[in-house]
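Order of writing sets the chain letters: A, B, C and D. Residues in each chain are counted from 1.
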Amino acid sequence: MSLRARAYSQLFARSDRGGKLSSVNRFMVVVILAAVAVTILSTEAAFRTSNRQLLILVELGFGVIFAIEYGARVWAIAEEQGEGSAMVRRLRFMVSPMAILDLVVVLATLSPFFVSDAAIIRLVRLFRLAALAKFGRFSLALQELGRAVSERRFELGVTMALAGVLLLFSATALYWAEHEVQPEAFGSIPRALWWSVITLTTVGYGDVSPITALGKFLASLVAISGIGLVAMPTAIMAGAFSDAMQRRRELAAAEELGEDTDEMA
Amino acid sequence: MSLRARAYSQLFARSDRGGKLSSVNRFMVVVILAAVAVTILSTEAAFRTSNRQLLILVELGFGVIFAIEYGARVWAIAEEQGEGSAMVRRLRFMVSPMAILDLVVVLATLSPFFVSDAAIIRLVRLFRLAALAKFGRFSLALQELGRAVSERRFELGVTMALAGVLLLFSATALYWAEHEVQPEAFGSIPRALWWSVITLTTVGYGDVSPITALGKFLASLVAISGIGLVAMPTAIMAGAFSDAMQRRRELAAAEELGEDTDEMA
Amino acid sequence: MSLRARAYSQLFARSDRGGKLSSVNRFMVVVILAAVAVTILSTEAAFRTSNRQLLILVELGFGVIFAIEYGARVWAIAEEQGEGSAMVRRLRFMVSPMAILDLVVVLATLSPFFVSDAAIIRLVRLFRLAALAKFGRFSLALQELGRAVSERRFELGVTMALAGVLLLFSATALYWAEHEVQPEAFGSIPRALWWSVITLTTVGYGDVSPITALGKFLASLVAISGIGLVAMPTAIMAGAFSDAMQRRRELAAAEELGEDTDEMA
Amino acid sequence: MSLRARAYSQLFARSDRGGKLSSVNRFMVVVILAAVAVTILSTEAAFRTSNRQLLILVELGFGVIFAIEYGARVWAIAEEQGEGSAMVRRLRFMVSPMAILDLVVVLATLSPFFVSDAAIIRLVRLFRLAALAKFGRFSLALQELGRAVSERRFELGVTMALAGVLLLFSATALYWAEHEVQPEAFGSIPRALWWSVITLTTVGYGDVSPITALGKFLASLVAISGIGLVAMPTAIMAGAFSDAMQRRRELAAAEELGEDTDEMA
């Protein structure tokens, strides 16, 4: 196998490895995770200023790795079966969404050296990670999960409509009860909606809470009905998830059978 | 088909469209949602004052649309099969709850032009939305859900009685432990009940919390038992919901079969 | 049927009414609920002082009703099958736990007229309610629930042991990370345990929370593991509850069958 | 049976008692729990200073008990079947992890008499408890639970990856919306992650919450999606736990059968 064929196999390997990533792609996952971690940490001013030199070097390193990978992909794509000359296939690849994402990642990595305060752009690398996740077992699991949720989109819709009405009614009730004593927090329905969401999801920051007896009584009813609100989507999601996992197992079993047959052949 | 017959079919179409709303009704759903959104936003003083002219125009527009729809319904109802002259049928329709709700919506939309600070009345439009929701798939899903919950009303009642006793006992315990050091928050059992509800539903605002060692110990027991309190209605609601959805699917399948038969006929 | 026989049937009716309470007992449930509500409200000083006269009358009324009921029971118990004279049977009844509870309720209702600040004693009426709940469908449901939970006491024990270890470890971790900067909140493991319980149950008052980076990191791990902590007992309780309800339905069906047979006979 | 044989049977008894601990080991469980409780309480300065004399005596007592147990184990291990002289077997035992843990516990108990501020070291006793928990029914339940969770490690991994992405995205969104007005709380993504975790787990301390309209809108979406985040691992853990318990029951039934057969033999 030529070097280019090996590079093609390593860089583009899809599900033909039994759901496993090639070693180059596995290395890229690690690099991307590291690059994301560095981006997150470097938003912290204290960390950024005390490691300025190091961060520039590290980011330059990431940029070089991403650039080399991009170049290698453009070079190796010529191995792909298809019509047209190698150059035509390369150009066709370069305008595909995946290749554009690759290029964006390279540019985003190098951009902060030209544009200031652009560190956050580097988080596009997460989408790059998502593109890699499209290969392998992880992707199958996500697809199954997505399908199961989509099959229950009507149930989720009904639940969300009920939840929306409950949110709106509780916000209106508290607006009515508290807007005179707490104009800052309950002075309008949009303001009261913030309280509704934080209460019905049982987060309960406490930055806003009723202080009148009537407001507390209404808020108690809202808090108790919040249990039901959480119960219904939880039940639907749990059902969807357990269905998806059941299907994934059956699929995995079928795939394994298929592999055995291949090996026998 | 005459214009009136077409208007009747568009305005009153019930479940004879395979659970789908007519295009006029679909437009009305959008109008009502927009009207509700405008009402919510206009409770915010800053938004109201800076868009006074626009809001008056928009609300006037909604009022005209609702008035036209109401007039069209009264006019088109004459198409309905039934005894009595067209006028008798119109009067019979005008005293039906649905038509009265329609009229209330029209009046509520126009009321703030005569009565000040009456914007909140416009939220009756939400009930108008509920009346529209009575047609179609959404309504079937809600009916099934209601039936499933009603079948388990005894279980829910037992759970709620247990929850009520737990709320009362925890409020009494914290009243006993903390009423001397925090008379404002725990000075009576009704005051302590506010703390109980917010703790047992795991909302936990933090506006009220025990400060003595004994109070904290009792509150810890209450918080831990709150997990069980949430678990039981969640389990019941989840069961009821999954039953309702199962039944809905079967119903939908049966309906589809019925439609196919109709089409064949 | 003599008056005494009728009184006996009304006051002592057990499950021989197909799980329904007699009308006298139903009236007593309402009276007790009202008495409990009055007791709760009268712990609020503002309410107590402004309704002093009314409260004394109402409590006296409750006292008279409870005293009459107690007297009627002692009188009517003579109807019960059993050896010994009517007086012997009455004395035997008066030393039974249920009759003593009745007497305690009567005394507790009248006590605040003699002892000051004893209003809370009146909450023993709730136990009186529990005694009434022993008759009827409610009691069967509770028994079934109790049995189902008791069958899973081992699972609940394992879960609670794990939860206890998790509570202790997280308290120790935060004590270690924060006791120097927040000696008031995390100065000892018992103090940190208050934080642990409030975090792991997802109540989250916010009266105590970590402020160091290390403390926040550890607290994040604890908060995330709290999801699992809640998941396990919820799953067990939900299973136990759904089992109990299943069994109750089967029991109810069997009972109905039995009643039909009785009616036929 | 010689004294040493009896000591061996009491100190090392494994699962040959039908999942029950020997009386000596049961006594040690109580001693360890008491020692852990004393350690926890003695981190509280007020308690420590007012009971200094008593605590020294109690800890000395625990040290003596642990030392005697360790000595007895070393002495009794000679009863074990195996090659080599009694001394060789003793030395082999003394370098086993369990024996080293025993020794560490003895030293940790006695250490604070030599090293100051080392009370927390004594919590290693909890591991000693875990070692004892390896015998008996409790251990089987934990093993089954561990196996069930490990069988679903892939599902848990997918869920955790999704949760991680959701955490990161919500932290980035709030960092973007709030870092200018609240630099202390949202000035970097790591800082915003603290808010993300506390919100998505529905703990909601309220030490950090958005104050801008945009921040509140984004936080509302995050809080609502937090319901789904909690729903998925809950569903997986519940499934794993119910599987584990099912298997444990079957295992227990099989074991009982085995015991009956043994008794018959």
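Everything that follows uses one rule, which is that contacts are C-beta pairs under 8 Å (C-beta built on N, C-alpha and C of every residue); 3 or more make two chains touch, one makes a residue touch a chain.
Just so we're clear, the structure is a prediction, and the values are computed from it rather than from any experiment.
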Same or different residue numbers at the subunit A/subunit D copy interface, by half rule: different
Size of the rotation, in steps of 5 degrees, that lays the CA trace of subunit B over subunit C: 90
Averaged-CA centre spacing for the pair subunit D and subunit A, given as whole angstrom: 33
Chain centre separation (subunit A, subunit C; CA means) in Å: 46
Touching two or more other chains - residues of subunit C: 193, 202-206, 230, 234, 238-239
Contact graph of the chains (line, ring, star, complete, other): complete
Touching residues on subunit C, where the partner in the complex is subunit B: 36, 39-41, 43-45, 47, 120, 123, 126, 137-138, 141-142, 145, 193-194, 197-198, 201-207, 230, 233-234, 237-239, 241-242, 245
Subunit A contact footprint on subunit C (complex, rising order): 202-206
Of subunit A, residues touching subunit B in the complex: 152, 154-155, 158, 161, 165, 168, 172, 175-176, 187-191, 193, 199, 202-206, 209, 216, 220, 223-224, 226-228, 230-232, 234-236, 238-239
